[in-house]
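Listed below are the structures to be examined.
Below are two complexes that have chain A in common, paired first with chain B and then with chain C.
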Partner chain A sequence: MNLILQGLALGVLTGGLYALLASGLSLYFGVMRVVMVAHPAFLFLAAYLTYTVHTAFGVDPFLALPVTVPVFFALGVAVQRLLVARLAPDNLAMMSVLLTFGIALTIEGLLGTFYTGSYRSISMEYATRSLTVGGVSLPYDRIIAFAVAALTLGVLFAVLVKSRFGRALRATIQHPEAARLVGIPTGRVAGYGFGVGLATAAVGGTVLALITPFFPASHWVWIGKLMAIIVVGGLGSVVGAALAAVLLGVVEGLVLVTVDATWATMMFYVFLFLTLLARPQGFFGGRLAHRF
Partner chain B sequence: MARVHQVLAIISLCALGLTACAKTDEPGAAQSPGQQQGAVRVGISLPLTGDFSEPGKGIQEGYQVWADRVNAKGGLLGRKVELLFRDDASDPNRVSSDYESLITQDKVDLVFGPFSSRLVIPAAKVAESYDMVFVEPAGAAAEVFEQGFTRLFYAAPAIADDHYNYLADYLVKLPADQRPKTAAYASLDDPFAQGTAYGLRDRLAAAGIETVVDEVYPPETTDFAPIAAKIAAANPDLVVGGTQFEDAVGLVRALQELKVQPKLAAFSTGPTLPEFPEAVTGAAEHIVSPVGWSATADLPGNQEMVARYKEMFGGEPNEDAANGYTVGQIIEAAVAAVRCADPSKACQDKLTQHIRQATFQTVVGPLSFDDQGRPEQAHMIQQYVNGKIEIVLPEQAETADLVYPKRAW
Partner chain C sequence: MRIASRGIPLLLAALAIAYPWLVPNYYLVYAGALTVMYAAMATSWNLLGGFTGYVSLGHSAFFGLGAYGTGLLVTRLDVPWVVALVVSAVLVTAFAAGVGVAAVRVRGASFVIVSIALVSMMNLVVQGWRSLTGGSTGLQVPSPFPGLHRGQTHMVFFYLFLALLALALLVWWYVSRSRFGAGLRAIREDEDKAESLGVPTGAYKVTAFSLSALFVALAGGLYALWFGSLDPIFVFSILIGSYMVLMSLLGGVRHLFGPLLGALIVAPAGEYFLIALGETQIHLTATGLVLVLVVLFMPDGILARLTRRRAGPSIHDQSADQRLQEVTP
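And then the complex of A and B:
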């Protein structure tokens, strides 16, 4: 019983991390139907930059965020304006897979060149301890990850719902032509949307760096997991992705403690299949990306 | 259109045929065995890019250090050694075509193996089909030796299943009141990693140490906390990880977080890498691992290799470099014994027969092989003691005593 509670607790915490890592992906898809295979590569790029800031200045990895978040926002705008916006619109989803696959390989290659293929890791004193509540251990690094994820997603949600930019972005997502008709510069808004997506990657990368050691090819294992999450959540729906992330985190945790790790990993794909069979628009989103 | 294609196909076939003929007409190719002059050319394909690029480079450096030493003292049978490297990008298809062309086009005299079981098997198939002796530095999985290869030899002390033998002997011999009673195993779904953990599990289970957790996780696993939760629930005396690097670190951290305090913790590869202690901050103390080679061991040629490596590449060699070097040492001794180094079947047969029955003094210790090419020795056991890696088993190689039970992490 205790083991199941433990699995549940770990699942919720890990789910929060997944929500943070996947949030950018659903933004890209929502904004422009872009399938961003390079998102995990950017996560690890952020992890490496965090590592550099941490080792060069000896500061807490989270202090890298004021540097990496703006840099990634600018990078996102640049990638969208200079590359993605030039893809042929009639085959965008397919072409964006190819383009971003290329970007992922480029990032991996550059990381290999600058940081070599050896493993890097950031290990903080607090990352190996845990809080015990009623026989259930809650690791501090997971609690931090969950809190950072909740904060980031909260800010993201507030921006999308409350701000003028958020409204413009949502209009662009829901109906680009209509948005253009009412005077929204959809091209520029899409660029900023992409920037916001990559900015979440900067935060996600810092959290990842705290939790796991990494090397240039680490991003591959995340692509499938994160894609499964946004499909189950409903493509383009940030809230849907967050709920799906927590759901899948919990399912993974519970299956891991009751069955085994192979089945737990497979759960992502089982849910992906079930979603595509039963509800292709996703379980939490409405019709493609019409809701947040 | 179809006609054009047909014509093109015929032309290219003819062109291929012509090049093939041209190749056989090259001077020197038809020379009879044993009379070849010039360098001894060694063909090698390695994963210099892709998944295995780090260990691939290590092996390449080991080969280069060996060739450099051999050439400095006059070469093999008075002929210089020349290494021909190909990059197979960690791709099992590329590795086959690399060896195919090294043997048929470049007409190398000898071949050395690539890195890792996944590439060794396809490479060895090619070498077998051309009757070339195939000594390889990294292919320890059980499957490698079940393919019916007759010319393959693995140049390291032990196959995966035997890595922990010294540790198993030690634990089984402990007095009953100190002996661990329960053990938890978590292993990566990989033939090599599983082999190491299961080798120990089977030995300990036979001696009555109960297996309380036996988990296998796929390579995509990123979250080790739930696995650690299972281990925590069983509260074992012994934790054994059939791990590589990321999962070893992930497991150690998760076990710490879930307050699992075993009397002994053993992880396969991972703790042997220099990045490990930093990645687990302080938790490395008293973790044990099997290790095939040690820079400080007093074995024939070891100090010379370490010094030469430092001179050529700077820094310390790693186990991969040592394994590459070991391949060279075995071939060097075999060539000296049978007095030939050419690709003819007669010479390759003699080399194979010699390697099968002889014992070789190498930088990883004395090596001998069984009929399938498995080495017949065991790995040493290392442990972090006061922050330093010490060899704790077997007794004749130890630099410190094994600390058991371990300190809490």
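And then the complex of A and C:
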């Protein structure tokens, strides 16, 4: 029983991080109908940059954020404006996956060349301790990860709902032609949408570096996990992705403590295939999904 | 034009058959066999990708399953290697049909996601099922030709892969001329319209999916017999799947010889990179950049460029008169 509670707690904490990581993917899909396979590669790029800042200057990994977040925002805008926007509109879905796949390979190769293929990790003094609540031990690094993810997601939602830019972005997601008609520069807004998406990858990468060791090829595992999350949630639905992230995080956590790590990761694919068989458009919204 | 289009393939075929005797050392025979293996796989991939437009990044799953199936049958059940090869390929094809039923329910980007997930899944299964597959330490497969030395083995497998390539090309050519092929093309151009016109899209897609898995599985089985040791991380790597896609796109997915041409460029380039730069990861970057460039600037491939045919509708317009003249002598 205690074990189950432990798995549940860890699952919720990890699910929060998954929600943050998947939210970027939902944004890209929303604004451009693009499945950004390179998102996890950028995540690990951010993790490595954080690692470099941490080891070179000996500062807290979160102090890398003021540098990485603007850089990644600019990178995202550049990727959208210079690469994705140039693809021919027919067959955009397939070609964009191949394009971002190529970007992912490029990043993985560069990371492998500069940092070698061996494991890296950042261990902070506060990350090794844990908080015990009613027999369930919650590692501080997971709590911090969850808090940062929740905070970032909160800011993201606030921007999307309250700000003028957020309204323009949502209009672009809902109906690009209509948005253009009322005077929204949809091309530029889509570019900023990509920028915001990659900025979440910068935050996610820092958090990831804190809680888990990483090596250049580990982004493939994350592609599978995050894709499973956005398919289960319904492609293009930020809220759906967040719900599916917590659900799958909990399932993973429970299987991890009761069976083993292989099956825990396998659960993502099981859910992916079950969703495709039962409800290809996803379980939480995602009316956009079926055709893409 | 007629003579050129008939003569050049024949000349190339003759060159390919003579290749192992033309090169000065066994390393080049090995590199040749590897290139032909990739060409066979890319051509097989193109049975799905070229006709239906469904891009699968996960065909290395079938490569790995074919390799492990053959290897396990030879080592655990002691069956002759030919039988093992065929049985494992048939099993993988049946498996692909099962997966295909789920996978082709979704289109476009979701399909690519599923194909990537398939590779990761198979990788997990093979690494996790330690008692059967040897886990991450890999699987050792005895050579089917113990009498031959290493170089002669390369030579034998060069011809085996060449036969596989010929078979894959033949099937592609046959499908491209059949009603089945026309149906698959209709799916690529507009799936909903094709369905409303009575093309059994679901069954066609699953058939194309399993057919393209068949030859990739055969290539995997041959690879297992050839190399003799299987590393799950390599055979189930997403990189092999992306090579198939890159080769096909580079050469031209709508042409019979497109994937072959792409393989002739990409595979030797990859080998050269390995020699020139050693075991660094920079070859990934090179592959990635080439893929980005191809997708951005040449999504129809080299052959489409050369033949100067714009990528218009592939089912070309034909009046009833023209059609009639073709059939009546």
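Rule of thumb we're sticking to: the second predicted complex is superposed on the first by the 285 of 292 C-alpha atoms of A that agree within 3 Å, B and C clash if a C-alpha of one lies under 4 Å from a C-alpha of the other, contacts with A are read in each partner's own complex, and residues count from 1 in each chain.
Definition applied: a residue touches a chain if its C-beta (ideal position, glycine included) is under 8 Å from a C-beta of that chain, and two chains touch if they have at least 3 such contacts.
If you're wondering where the values come from, they're calculated on a predicted model, not measured in any experiment.
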item	value
Fit-or-clash call for chain B and chain C when the two complexes are aligned on chain A	clash
Contacts of A:142 with chain B and chain C, given as first, second, both or neither	first
Touching partner for A:221 - first (chain B), second (chain C), both, neither	both
Which of chain B and chain C A:231 touches, first, second, both or neither	second
First (chain B), second (chain C), both or neither touched by A:265	both
Which of chain B and chain C A:108 touches, first, second, both or neither	second
Touching partner for A:277 - first (chain B), second (chain C), both, neither	second
Partner chain in contact with A:252 - chain B first, chain C second, else both or neither	first
First, second, both or neither for A:6, with chain B first and chain C second	first
First, second, both or neither for A:14, with chain B first and chain C second	first
Overlapping contact positions on chain A, where the chain C interface meets the chain B interface	112, 117, 221, 224, 260, 262, 265
Chain B-touching residues of chain A, taken from the complex the two chains share	2-3, 6-7, 10-11, 14, 112, 116-121, 123-125, 127-130, 132, 137, 139-142, 212-215, 217-218, 221-222, 224-225, 252-253, 256-257, 260-262, 264-265
Complex contacts: residues of chain C adjacent to chain A	53, 55, 57, 102-103, 105-110, 112-114, 116-117, 120-121, 124-125, 127-128, 238-239, 242, 245, 249, 280-292, 295-296, 299
In the complex with chain A, residue positions of chain B that touch it	51, 53-54, 189, 215-223, 225-227, 229-230, 232-233, 245-246, 249-250, 253-254, 256-259, 273, 275, 278-281, 283
Chain C-facing residues of chain A, complex	29, 33-35, 37, 83, 86-88, 91, 93-99, 101-113, 117, 216, 220-221, 223-224, 227-228, 231, 235, 260, 262-263, 265-266, 268-269, 272-273, 276-277, 280, 289, 291-292
